[in-house]
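The structures considered in this document are given below.
In what follows, chain A forms one complex with chain B and a second complex with chain C.
Entry: the complex of A and B
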């Protein structure tokens, strides 16, 4: 994943009154047309691993596979190539954008920085080798691979945290004492969404409002997912409250407050009044043992929402986000198929995980 | 004990008779122990079969769940999340006594943890990771249970084998040899008595 470090990343601190939405949306529309059509996945599902690998090699991922072929093989090669392509594509879109879209996108893609920082801290916590940590970094955000690699090569987590002293993450990271990793991870996630929301709220344009709606929908889904996971495990309301993210689009904090004290059965009856309910009512019941189907439905809902508003606002941030989301879905779907096949999963099990 | 080595004396006969009695008592006891151990073994064997089939199911389930997690979330996510889990399950070994056989009793703690105490953050992970972790916690519990059962079975089997060898040795070697020695001494003593009587008669005649 070294290539990302060579790509120049435009910072978000440009003149926010300028924008080139017409140019970027035209480019991403062209890029979106190159994404795989839905029926390709059904065809791939009927192929063997070698055939799938060959098909993927003939797509946009050829260059990534060629670069990584010396290092990896089999399903590992495909997965790393897919991740590399994802990072390169996101960086490309980020570099196309100027002014406001660049600012919004760079804020959104900071999730990959959070991911990489979490991976580095986890690796240091586990005493994993720098090579192992580097293998699991996705440098698709603000930080370059070289910077993240330097962090991975630090001797201890205290050195990693010291190196991040001038970043917005330091106030959270300095609370890490070697035992509270999960709390730090949760706080980093919450800080990401808080920062995203505050950054978007600062802007007064129509685009920022649409983007806020998009982010709000994602927060709704994240909160619902957390509620389902923790309610099903019987975690105390106080603990759940700490993990709720503010800024939901349709499920506001006051709604969440009313859901918190309810038992799992009562919670299920209470969530059916939300507009999301019809999307997952058929996979939810009080006897449910797995949340996997629900998670897939929630993800599909998120993609559907982005696609629906991208047609309404053709010259806005939404088509760009729609492309970013669809590109991520394509990479995820290809990985689901190749990994699922190599793990010997049933075809129907794989199909159920696909977001088509 | 070869018959030729036996001294045909009355005291030796008494000694051998005592040994026969002791061996026969020992043989009866060992037979009872062997039968008891076999009963105990079959009892544990049935439990072990259930545990082993649960272990197989848990292994298949864990493989399936980690396969789904790796495909949906990616191996990168699974590997990164695994880094945050540093605690190993704690295992306490105690011993149990089954008819003189010392078998292990394995108790485990910190295998199963609540979702919010596993070490990874909730907000950055998903149900795919939760369910794979759950499946592996169940698998580890099953492995510990199977280890206890199967070690118990191995020790019982070894003890049954040992007891069987002792029973057979007593039944087919020690006791028959002692009986042979006893019969030999009896024969010799009877003969010596007859010789003595004959000698006395001869002396009386002359």
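Entry: the complex of A and C
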């Protein structure tokens, strides 16, 4: 099958009108049934690191752990195995899909290229060792792990950027002068979403519309999270505006414009009007000290949204996105548990961070 | 002239054509219906082999359509 799709790609290029949604969605649903059930996390929280490692080894991550066990150990091993598994799984889903879903997914998964580039640049900025940088690379996008680890092993950020000369990111990366890292990161992120919306709008199919809605919901959550974080620490509206991403599904740019000049308390009462509000009204108050509850709530909201529309459109891109989202959350949860445990955090503190 | 030619064709021929259309169209319809179910079944099976039985049964359910076509063809042909 792989050979077939390769041959077809060679002969006639990618045909975006073809699709194999029935195959991919059924397979992805079967894969979703293998994700960890919610009660496993409570069990994992009661275990020590060695037990957790052993439990994870018996799950879907066995192969990744076997491959990496020679190089790493302990929490680092799990971290690498989780990243590797995420990359392998997403690449697998991408290879299953043909035509339209393949196109949409490949555009979506480019976020991991952006993520890895950001990680490498940040690592270089703070003089992190190549090993440390590699630990955080997720090669689920277009770039392979070898390519990214080559980048991580370069001496300085200028070498990294010049190695990326022929890529679409170069126009943004070349503006990096060693001081404006956060601007470059924001630009990369914004460029990613802009590119995503442009490539989706080219298709004009039902699926691309639902896909855009899905991405919009994700942007909503990103924007709300940024707004809450920055409003809470009293950052200037101008600074916040720079970080906002266009294309939200329910919270549009003009809503954000009206929220920007408000103080934190006014901001809270203004957000009250949105349909999103009732989902997290109980975790938000003007006295709250940490945004962890809110952020996990927002993520849960996103998962709920994805699974509800995946039932409305069973043979579409949504069940695939739903799986990708859930897999990402599973990996994040496991990472939180393993890192939390190795840092000796209290069980309840870790539990609060989990998205279950 | 045309009416003569028309009358010259054996009515059994029309029956045969009708029966052919009944089976043929029903067969195409079954194929279209089974296409998605079959690929979904294979997809699910690739991840979880125990779904083989269920997948097989669900895949052949549209086979009823072609049986209807066959029945119609037999009735017409009889």
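The criterion applied here is as follows: the second predicted complex is superposed on the first by the 333 of 356 C-alpha atoms of A that agree within 3 Å, B and C clash if a C-alpha of one lies under 4 Å from a C-alpha of the other, contacts with A are read in each partner's own complex, and residues count from 1 in each chain.
Note that in this section contacts are C-beta pairs under 8 Å (C-beta built on N, C-alpha and C of every residue); 3 or more make two chains touch, one makes a residue touch a chain.
Please read all numbers here as calculations on a predicted model, not as lab measurements.
In this superposed model built on chain A, chain B and chain C occupy separate space and fit side by side.
Within the superposed three-chain model, A:135 lies in touch with chain B and out of touch with chain C [touch as defined at top].
With both structures placed on the common chain, the touch criterion links A:86 to neither chain B nor chain C.
When the two structures are aligned on the shared chain, A:181 is found in touch with chain B, with no touch to chain C.
By the touch criterion stated above, A:30 is placed in contact with chain C alone, chain B being left untouched. Once chain A of one complex is fitted onto chain A of the other, the partner contacts of A:315 are limited to chain C, with no touch recorded for chain B. Judged by the number of chain A residues each one touches, B leads among chain B and chain C. Contacts of A:224 after superposition: neither chain B nor chain C is touched. Of the two partner chains placed by the overlay, neither chain B nor chain C lies in contact with A:44. Superposition on the common chain A brings chain B within a closest Cα-Cα distance of 28 Å of chain C.
Those residues of chain A that touch chain C in the complex are listed here as 20, 22-31, 33-34, 96, 315. Of all residues in chain B, only 63-64, 66-68, 70-72, 74-76, 79-86, 114-124, 126-128, 130-131 touch chain A in the complex they form.
Those residues of chain A that touch chain B in the shared complex are 76, 79, 83, 114-115, 118-119, 122-123, 125-126, 128, 132-133, 135-136, 138, 181-186, 188-190, 222, 225-226, 228-230, 233, 235, 239, 243, 245, 290-292, 294-295, 332, 335-340, 343-345, 349-350, 353. Looking at the complex, you find that chain C touches chain A at residues 35-37, 39-44, 46-48, 51.
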